[in-house]
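Look at the two complexes coming up: subunit A is in both, with subunit B in one and subunit C in the other.
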Partner chain A sequence: MLQDLINAVALGSIYLLFALGMSLAWGTIGILNFAHGSIFMFSAFTAYLIVNAVKLPLVAVILIAAIAGAVMSVAVQVLAFEPILRRAKDSRAAEMQILIGGIGVAGVPLAIAQHYTKSNPFGFTNSSFKVDTFDLGGVRITSVQIIIIALALVLGVGIARWLQVSRHGLALRSIGVDPEVSSIMGVDRRRLALTTMTIAGALAGLAGALLTYNLGALTPESGETLILKAFAAIVVGGVGSMAGVVVGSYVLAIAETVVLTQTSGLWVDAVSFGLIFLVLMFRTQGLFGRREVRRT
Partner chain B sequence: MTNFYDANLVLIQSTFVGLLMALSIQVPLRMGVFSFSGIGCYGVAAYGAAILTIRYETDPLVTILLSALVCGVLNLLLGMMVNRLGGLYLGMATVAFDMIVSVVATNGGDLTGGPTGLFGAITDITMTQVVVICGVVVVALALTERGRLGRRVDTVREDPELAAAMGIRVRDYRLASFVVSGVLGGAAGAVNSLLRSTVSPTDIGFSLVVLALTMIIIGGARSWLGALIGAVIFTWLPSVLEVVGQWQTIIYGVIVALAAVYVPRGLVGLATDGWRRLRRRQPADTVAVADDTTPDRELAALENLAQDTSMGRTS
Partner chain C sequence: MSGRLGGLLRGGTALFTAGLLLTAAACGDSAGDTGSSGSSASLPSEIKVVSTNPETGAAAFAGLAANKGYEVAIQEINDQHYLGANTKLVLDKQDTTGKIQTAASQATSAVADKSYTAIFGSVSSQESVAQAPIADKSKMPIIFTQAGSDGVVIGDYTFRVTPPMSSYYPKIADYIKAQHITKLAIIYAAWTPTLKEIGEKTLPGLASQAGFTVVSSIGTQQTTQDFTAPISQALAKQPDGIAILQVGAANPTAMTQLRQAGYKGPVLGNSGASAGNLTPAGANGAGMTWVVDYSSQNKTESSDKFVALYQKKFPSETPLNYAAEAYDAAWLLARGIKEAGSADRTAIMQGMKKTASAGFTGAMGQLKFEGNDLRLPGVVVQWDGTKEILVTG
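The block that comes next holds the complex of A and B.
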């Protein structure tokens, strides 16, 4: 029972690291990046290629993955999303084009990784870091799980505080409320958008490297599944709310663990979709979100 | 010609299924409803048709019609549930519905054949029947793109507040789009199961949502012609790209991304814009006259719309 709880918390922390960047970009600059899962996977893949050439410790591998994620995320923003936002006739059209553009972009790194790995899982077998397992009175936890949980909590709380307290955070939240007014007040929207995408990409890379360590290996397709799970976590918590995405990630992980341990079969995949559906039906704004007003 | 037909029969069949599937997403989009529930209906009907055929050996046309009707009702109920959502939220709620359908199919035990799916749904369905179904659907939808109904649909999409103010029942139009979407998605799923005689959970996953969406975005989201063009392109592209071997998925992704950025209104939109520009390239004096009349024409269109809607209420 306690073992299940620890596993659920570790799983939730992975969801959180992944969803945090997605939620940050969506809740502030309004970009729902469907290439996030692909960036997540390809950062881990980049680190894997480098680790294969040079024996590296855990910190270096994570750093490489985070940098790779940040670079890719900024590239997607500059090459795809910025032109879309410049050319789209209204925000609703832009929303949809960004969705499609993200889906298209996501296919490219996926295809490259599938090509090199022949769709087999890849892992950091050449890394100098070895996973330790601690036994605490019948409950087992690995060193990677401890790192994941600690990082998720530190980054989750840290980014939430940053958004609340710092001038940058204030500017970013003001874009989320009203982009035009915030521009008039002297917020450099383009620069802040790039900063946001950098952070989001780095978080995706971080999550990718850590999940690869945790599972031992990652499949090229794993990003696609995580995108839908992260979406569930964000919607459950409420778009734009950092506390929401933290709670949403753990709620999702615990619900999935309960279903996994209590039922036979493959029902666990239905949990995230069921949660999305239930929340949107009965509490559209999520647990922590603001209610949007729509008249028609 | 017959050689070509025989050699590519599977692709030709897939094009028609793809057309119906793309239309099931396009109809709600034309009303400004961002709903993917047509794909979930596709899944329900794909299994429903296979089960009916295997267990009760029903006639293919009866199977398809029954699947389409049941899915129309099912999607109407879903539409009533999610009607107050908008934009991406509606999109995601309906994607969640699609994915739940595929999870249920995976866990359905003997009824759905579990992860392996169902085999042996063999019927005497003919290509003529499929073509006739698609033809009827396309003609019916083409009629909704013209005249009064076409203008009302455009208004519901572009400016729901204006539409409501002019007496168009926005809610009814949106719910109607769910019914049509369900019927089309259901027909597509049933036709596909009967043509292939098999169905499995991997046939109705998230990739189908992406495929249908890319079809109408690349082809054009405003007209049935766009769905047809998209269906043709994305059914045949993989076999055309076989020339480049393993890199085809990369090129596929790049094409979709480029189209989303630079051709957001699809090939049909691009063609319409090009045609308008071509017509404008006439001597300067006629251009001036043409420019003068545009506001009037728009005004006239608005007046037409006002008349339409007031008539719609009195009649």
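The block that comes next holds the complex of A and C.
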């Protein structure tokens, strides 16, 4: 039972690390970035290429992946999303075009990684960091799981607090509430959007590196699967609420673990995604979402 | 060095054989044999076949390897002038991208394109099941490899040059007995028809023969990336053997997390762990054992000949079972065309049926068919942490 709980918390932390950046961009600057999964994968892939050439420790691998993620995310913002935003007729059209644009952009790094790996799994076997397993009275947990849980909670709570109390955070939230008014009030939307995308990309890279260590391997398609889970976690928690995405990630992971341990496993997706349906039926803004934060 | 010398000698033998065949073909032509079975006189200068395989996506490792097998075989067929001095087999390749709809529409397009005489179907069961009825209803010969599920060989025009995994997987029973496995837990990818069948029917069906009971059976879905929960559930039943029946990256992940969970016993796998998929697991992957229809480690004359040909075209690569299957599939087609003496689709189907009925020697050994479906005994292989090794031949 305790092992199942540890597994659920670790799984929820994986979802949270992945979803944090996506939620941050969606909930503040209104960018629902469907290239987030590709950025996540390609950051890990970049680190994999470098680790293959040079033996590196965990911290260096994470840094490389985070930097790669940040660079890619900013590039996507500047080269794809900003032109879309400039040309879109209104905010509704822009949101739809960004969504489709993100899906299109995601195909490029995916194709490159698929071509290079031939869709074979890749991992950090050449890294000097080796995963340790600890046995705590019959409950086993790995060093990477501990790092993932700790980082997910620290970053989740930290980003939520940053948005609540810092000037930049408040400015970002004001964009999420009303971008035009926030501009009139002197908020530099472009600069904040680039900052947000940098943080979101770095978080994707961080998640990519840690998940590769945790799972042992990723494939070029790994990001596609996780983006669905992240989407679910954000919707359940409430778009625009960082506390929501934290809770949503753990609710989703616990639901999946309970279903998996109590059934044959075939109902995992049906039940976990059924949760989204239920939440949307009875609380359209999600568990922690506020109606006024939702963009129209 | 000796291997390369052997390859050169075999290459010389192949050239000599090709010369003999060319002479024989020329003699046949001069005898004025036009259209009778076995004649190549009425064949067009080009006979086109299209390979519809995933070159990208989760099953790309198998699709790309299969395409290499087709390339090796078709080059050999053309170099030997097997279909006659003036006839060449031409291979087109299309990427299904791992999508069922794309695979189906490519089959539909190939049927509509009269320049194609046959299709090499997808290695993916999900895609093949969609392609098979399209080809069969349209009387287009389609040859599948690897796609081992039901619903692939469904009529006269559908052939499969890979034995269904369920037909050779029982070979694992001896290994199970040798490892004294009495309580087996199964974690299987329920979203693939082939592995669902192995996990739910084939492996449990070996219980009385191999002396074990299935203590836990857990299906996973395509979205499952973290295996700690299913592994925890399986280990709760204290099994002394675990079957991990997964595809691609799920294999190294499941093996890594299984070892991290403290399990040190034997692990049964499936050919989805082949193609170096276990490499990222490092030492954690060692010990996974599974059955394949072909392994280049299994030294036989026909296999060695194929390996030499393959390595001549793709130096320093070791051919995977997917390539061997495709190589034999291309030869089934070539023999069928030669038997038909025509590029007509129905005639080729009939020619392939005759060839399958008689059987022939291919890369995978002596090939015997049940109807249009290949049967082979299989070989047991194990991952030692860096490469596959042969457990039984």
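To be clear about the criterion, the second predicted complex is superposed on the first by the 288 of 296 C-alpha atoms of A that agree within 3 Å, B and C clash if a C-alpha of one lies under 4 Å from a C-alpha of the other, contacts with A are read in each partner's own complex, and residues count from 1 in each chain.
The rule we apply is simple: a contact is a pair of C-beta atoms (placed from the backbone, for glycine too) under 8 Å apart; a residue touches a chain by one contact, two chains touch by 3 or more.
Quick caveat: nothing in here was measured; it's all calculated off a predicted structure.
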Practice item. Give one of first, second, both or neither to describe whether A:111 is in contact with subunit B, with subunit C, with both, or with none. Key: both
Exercise for review: Figure out whether A:183 sits in contact with subunit B (first) or subunit C (second), or with both, or with neither.
Suggested key: neither
Practice item. Scan A:269 for contacts with subunit B and subunit C and give back first, second, both or neither. Key: both
Check your understanding: Touch check for A:195: first (subunit B), second (subunit C), both, or neither?
Key -> neither
Practice item. Scan A:142 for contacts with subunit B and subunit C and give back first, second, both or neither. Key: second
Review point. Once the shared chain is lined up, is A:83 touching subunit B (first), subunit C (second), both, or neither of them?
Key: first
Practice item. For A:125, decide between first (touching subunit B), second (touching subunit C), both and neither. Key: second
Practice item. Please indicate which partner A:280 is in contact with in the superposed arrangement: first for subunit B, second for subunit C, both, or neither. Key: first
Review point. Which partner does A:226 contact after superposing on A: first (subunit B), second (subunit C), both, neither?
Key: second
Revision key, fill the gap. Dual-contact residues of subunit A, meaning touching subunit B and subunit C, are 111, 114-115, 228, 265-266, 269
Point to revise | Touching residues on subunit B, where the partner in the complex is subunit A | key: 34, 81-82, 84-89, 91-93, 95-97, 99-100, 103-104, 106-107, 115, 160-161, 163-164, 170, 206, 210, 213-214, 217, 246-247, 249-250, 252-262, 264
Study note, to complete from the structure: Residue set of subunit A touching subunit B in the complex reads 32, 80, 83-84, 87-88, 92-93, 95-101, 103-108, 110-112, 114-115, 224, 228, 231-232, 235, 265-267, 269-270, 272-274, 276-277, 280-281, 284, 294-296
**Study point:** Complex contact set, residues of subunit A against subunit C
**Key:** 3-4, 7-8, 10-11, 14, 111, 114-115, 118-123, 125, 131, 133, 135, 140, 142, 211, 214-219, 221-222, 225-226, 228-229, 256-257, 260-261, 264-266, 268-269
Review point. If you look only at subunit C, which of its residues touch subunit A in the complex?
Key: 54, 56-61, 64, 190, 217-226, 228-230, 232-233, 248-249, 251-253, 255-257, 260-262, 275-277, 279-282, 284
